[in-house]
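Dropping the structures in below, format is structure tokens.
Each of the two complexes below includes chain A, the first together with chain B, the second together with chain C.
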Partner chain A sequence: MLKKIKKYNLLVMLLVLIIIFGIINPAFLQPSNLLNILTQNSIIGIVSLGMTIVIIIGGIDLSVGSIVAFCGLVLALLLTLNIPLIAALLITVVVGSFFGLINGVLIKKGKIPAFIVTLGLMSAIRGGGLLFSNSKSISIGGSELNSILNTKLFGVSFSALIFIVLSIGLWYLLKKTYWGKYIYAIGGNEKAARFNGIQVSKYSIIVYVISGLMCGIASILLVGSLNSAQPQAGQLYELTAIAAVVIGGASLAGGKGSIFGTFVGVLILGVIQNGLSILNVPSYYQYILVGFIIIVSVLIDKNYNTK
Partner chain B sequence: MNNKKSLLKALLIIIVIGLIGYFVYQSFLKKDSDSGVVKIGFLVPTLENPFFVDMTESAKNLENEKLKVFIQASQDELKQNQIIENFIAQGVDAICIVPINSESIIPAIIKANNANIPVINVDNKINLESAKNQGAVLATYIGSDNFEGGQSAGEYIAESINEQGKVAILEGVSGNDAAIKRKGGFEDVMKRYPNIQIVASQAADWNRQKAKDVFDAIMTANPDLDAVFAANDEMALGVIAAMKNKRIALDSIIVVGFDAADEAIKAVELGELNATIAQQPKLMGAEAVRLVLSIVKKESVKDSYSTPLKVIK
Partner chain C sequence: MVKSTDTILNIKNVSKNYDTNQVLDNVSMSFSKGEIVSLYGPNGAGKSTLVKIICGEENADSGEVMLNDNITNFKSYSDALAAGISYVPQEGGLMENLTVLENLAICLKNNLKIKNFNKKAIRSLIAEKHYFESLASLLDVNVVLISAYEQQLATIFKALMMDSEIFIFDESTTNLNPTDFVKFKEILIDLKKGGKAIIFISHKLDEVFDISDTVTILKEGKVISSNKIQEITKLEILNLFKSKLEVDLHKETNNLTPLCEIQILKAELNQSEFYLSKGEVLCIDSNDTVFKYQMGYSIYEELNKVKGLKVGLIPALRDSEGIFPNLSVEDNLLLNVINQSKFRKSTKKDEALNNIVTELKLKFENWRQNILELSGGNRQKVILGRWMLTDFDVLVLIEPTAGIDIESKTIIHNLILKLRKDGKSFVLITSDQGEQEMLTTRFVSFKNDFKEVC
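Up next, the complex of A and B:
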């Protein structure tokens, strides 16, 4: 019951925002603009999906932005070398997953706190990207990738579709499989989960690999939409993703959170950004409002939990 | 307890509505009838840099009942493109762009082209060759010739150190067009003076703090440095901060900046900074808007316009 109220609350917040922006400037409500919001937020959205399951197990992944940038550079480099698109895409997601694996192994086998490990990798991977790109952006020119991602199915861009499909996939994994139950169990009480025979390390490492994988996929959309890769791309993605996940009702203590909540959380942030931008409100206000909404949404959440 | 919850929920929604209501109020104040109004979207990398504040304010100053200028800023490539998409959705009549990256902005320009919205490139140049290859069209360009500015700085420094000695360069963000041109113009002049040696040339990303650290290292490696050319004023002020920290006499090293930001001009007046190259951002912003008006009236415009530079010493 309480969960339902929370979901409802989030949707109300989103709808209220959409209606208000729509009243102020009807241009906001144009279907093309609303779809724009979905497309523009698909990259950070996909990163946030990975962040959701990481936060559910009580972890954190600060390295997401750096992984996105690094994978983007790898992809752009491969494409400039005329490697077939499919192969380049596969290598890109493998690289992303590999970074996730390093995160997971160091955290679970090395028993180093997730905050420290991913903070370290955030810096190291960023440096690695700057090094191998010589701190220059890599242009892929007019690309196949760009035209594929801009292809629209029933008005919805391919980028947005990827985000939607991944959301549904992860939602299914979390809600309908044993794997999902284990993830929540680990986040809720790791010791109890271990006591009940759940292979905590294995499942936790898989979670970090998925987060890395999501970053790899996000980097594909990023490179596709810019026709180039930048070593300094993806900065502050970790904070935006954490914000979306937290607005979506997850708890940084673990054991709580949902893909649906994150999906709506991403849209709330996206609507604020797009709406204020269309209203020509300077970006300073956007930061203030986003900060406000993060705190308020956690406040509601806390209130429900402490009954 | 239930009452308390619903109270909180209601309070929350009221606060959100109230906040947004404030924006409604603001935008209703500014509201105008759409017909015959020329709306310009003006995208710059940041409004933390006085250079772009000057540029956008001078554009904004030209606003009247028939002309609206929307200013947005982002230093993130993806966000810049998204802002342009938002301008298109907003139905602007023209877009002025100072790109953060000369390549990644091109897909957004193509989108503007498809929506028949003319794009004016201001200051940082878009890579025209890439744009052409990808089928993006620019209405015109306005900015100053950074190469020429680099040359002026080079000549000033050569003269100040009697055409001999050791000099250093602090570069802008690697790969940035203005950074490359300023450095290129400076080096071009240095080549003509065989007794001047460039002992260090490093990127400090237009950033004061970074310039301070980078210059610290350069000074340590080259204690007998005679002059430094910082490719913008922020970095030049970082150089001065580094010298003050190390208690090095400010007149022992010639420091030249670029942009003539207010703070730099004050430093020149105080004798801390030797010179700064003045681009004229106010002129650029205003000219960009005038060019938009010409384009909207279907008057023909040249491919590129340049605003003059001057040495302030």
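Up next, the complex of A and C:
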């Protein structure tokens, strides 16, 4: 019962925000604007999905923003070299997954704390991207990719659809497969997981690979929507993603969190940003409000947990 | 009820509910200076909740706790400590990343309000206490590196250094061996002579009879009796809980088929080699508790390398090594079989789960309930049940019944005996003499550097 209240809690928060913004400015409530929020946040949303499972196993991934930027540059470069779109997309997600693999192996096999490893890779990958792009953006012109991403299905953009499909996919993985149970078990008690024969390293590394993969996919949407790749893209993605995951009810200690929560968390952040921009409120108010929401949502969560 | 002029702590009509579950039902009792009172009863009887209320860690729904005729109103344990109540919990209580000495220093500094408190001063303070001898060599070692048993000693000593008036030991002796228990008893008798009040909780009835002046029995949140120790016998207490072993103990060791050889190559474990047969309980024994536990974990690792052998482990520390605190009862049980397709069909799954519940007499409210809402004994049953669902060949048991009540203990013992008859093998490591005698079919004991096989 309490769990249900907690789930609704988050939805109530989202609805209250939507209603408040709607009352102040009815333009906010137009379906096109609401769908726009989903589209605008699909990139950070996909990154947050990967971050969710990383946080559930008790880890952290600070390198997401740098991986998004790097993968974007790789994709743009490949497209300017006239490599077939499908091949370019595949290579992009492989590069993202590969960075995730490096993270996972260093953390689990090298036994270095996740914070340190991903902080290191955040800096190194950003530097690598700047190096190979000569710190210039790479334009891909009016590409095939852009027109695909602009297609709409029942009024929903392709980006938003990908975000929704990936959310459902990861939700299924976490809630309906033994794989997901193992992830929760490792996050809850790694020692006990080991004593029950769960291959902790293997599953943890896979989790980081998935996080890298999500960054690769996010970079495709980013490059497609901007028609170019920026070496400075994706700055502060890690913090926004962590914020969305935490608002969604995850615990940085591991073992707790859900895709549903993160999905709503992403929307809460998106609604605040969109709503305040429509009202022409300066962006520093956004920061204040977001900070407030992060702390309040964890506070509510804690109080429900300790009865 | 024992009433005397020396009464220091009085509990009056205390009741406590968790949701719909009544944990304490109008409990009254009193504790006097210079008296050792044991609280005895199955898990879930309310003993731990009662002492937590005394220590300010929980609030009573009704009733009051009176210290020296004043109603206490502790907000947390630190208030209770300041008022002269020391509490030793079963697990935890030490900061793992600090050394033993630093742990003591922090505790002493917060509570004794001594200025200029440096390591030298603490060392000399510790040197005055004779009981610290056994830990002297470990003072500068990080807590995480010392054994569960040494941690327990350190926690007890830490409490003893507070010059409290009341000492509460909640399952503090589970990891102590008989020799240490004798020392522990001497310390308690010293405290008693010094006019301190002592509340002692243990599931080991022998300890209770060895140590206490009064034994108060709790069952389902109610005090059912309170007697001077001379006025009651162990048998009378056991009869209150109606527990008997259902299986008779034939120790037929003939006709055993050898299962595998175990080779332990670690130098610190004497590079030992022994065999394990089908359907036996092999007890690994040593007077060195740390050594014994390490053997257990190493045997588990070694057996895991044997191809085609399914091996399980019940680790020594139930809460920090056994359960998944973020998962439900169902998920905790199913974890090891969840990757098998037959457990995805709900009918098969429910049937298997219900079997486990009946066999283990598992007490819980619903499958989605968090494991932490279960009592210690039921948590341990879940860990055993988790392995029962798998088709294991060997189960390594390290202290399988430490700190759990007599009813759960009997259930677990009966199950092990039954599974053994079905041809399962066990490796047992325990500090419980009775358990060892009851279950074991063959011993491998280690004494200093020699291995003796009997």
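Worth a mention:
Convention: the second predicted complex is superposed on the first by the 307 of 307 C-alpha atoms of A that agree within 3 Å, B and C clash if a C-alpha of one lies under 4 Å from a C-alpha of the other, contacts with A are read in each partner's own complex, and residues count from 1 in each chain.
In this text, a residue touches a chain if its C-beta (ideal position, glycine included) is under 8 Å from a C-beta of that chain, and two chains touch if they have at least 3 such contacts.
On a predicted model such as this, the values are computed, not experimentally measured, just so you know.
Considered on the superposed chain A, chain B and chain C are sterically compatible, since they fit side by side.
Touch criterion met: A:Gly255 reaches chain C, while chain B stays clear of it.
Of the two partner chains, chain C is the only one touched by A:Lys191; chain B is not. Greater residue coverage of chain A by touch, when chain B is weighed against chain C, goes to B. Shared-chain residue A:Pro31: touches no atom of chain B or chain C.
When the shared chain is aligned, chain B comes close enough to touch A:Leu226, but chain C does not. In the composite built from the two structures, the nearest CA pair linking chain B and chain C is 10 Å apart.
Every residue of chain A that touches chain C in the complex is listed here, in rising order: 178, 181-182, 184-185, 187-189, 191-193, 195-198, 255-256.
Of all the residues in chain B, the ones that touch chain A in their complex are 1, 5, 8-9, 12-13, 15-17, 19-20, 23-24, 26-28, 47, 70-74, 76-78, 81-83, 85-86, 89-91, 101, 103-104, 106-107, 127, 130, 133-135, 174-175, 203. Considering their complex, residues 300, 304, 312-313, 315, 320-327, 331, 334-336, 338-339, 386 of chain C touch chain A. Chain A meets chain B in the complex at residues 9, 12-13, 16-17, 20-21, 23-25, 27-28, 30, 32-33, 36, 40, 43, 134-137, 139, 141-142, 146, 222, 225-228, 230, 233, 235, 274, 276-283, 285, 289, 292-293, 296, 299-300, 303-304, 307.
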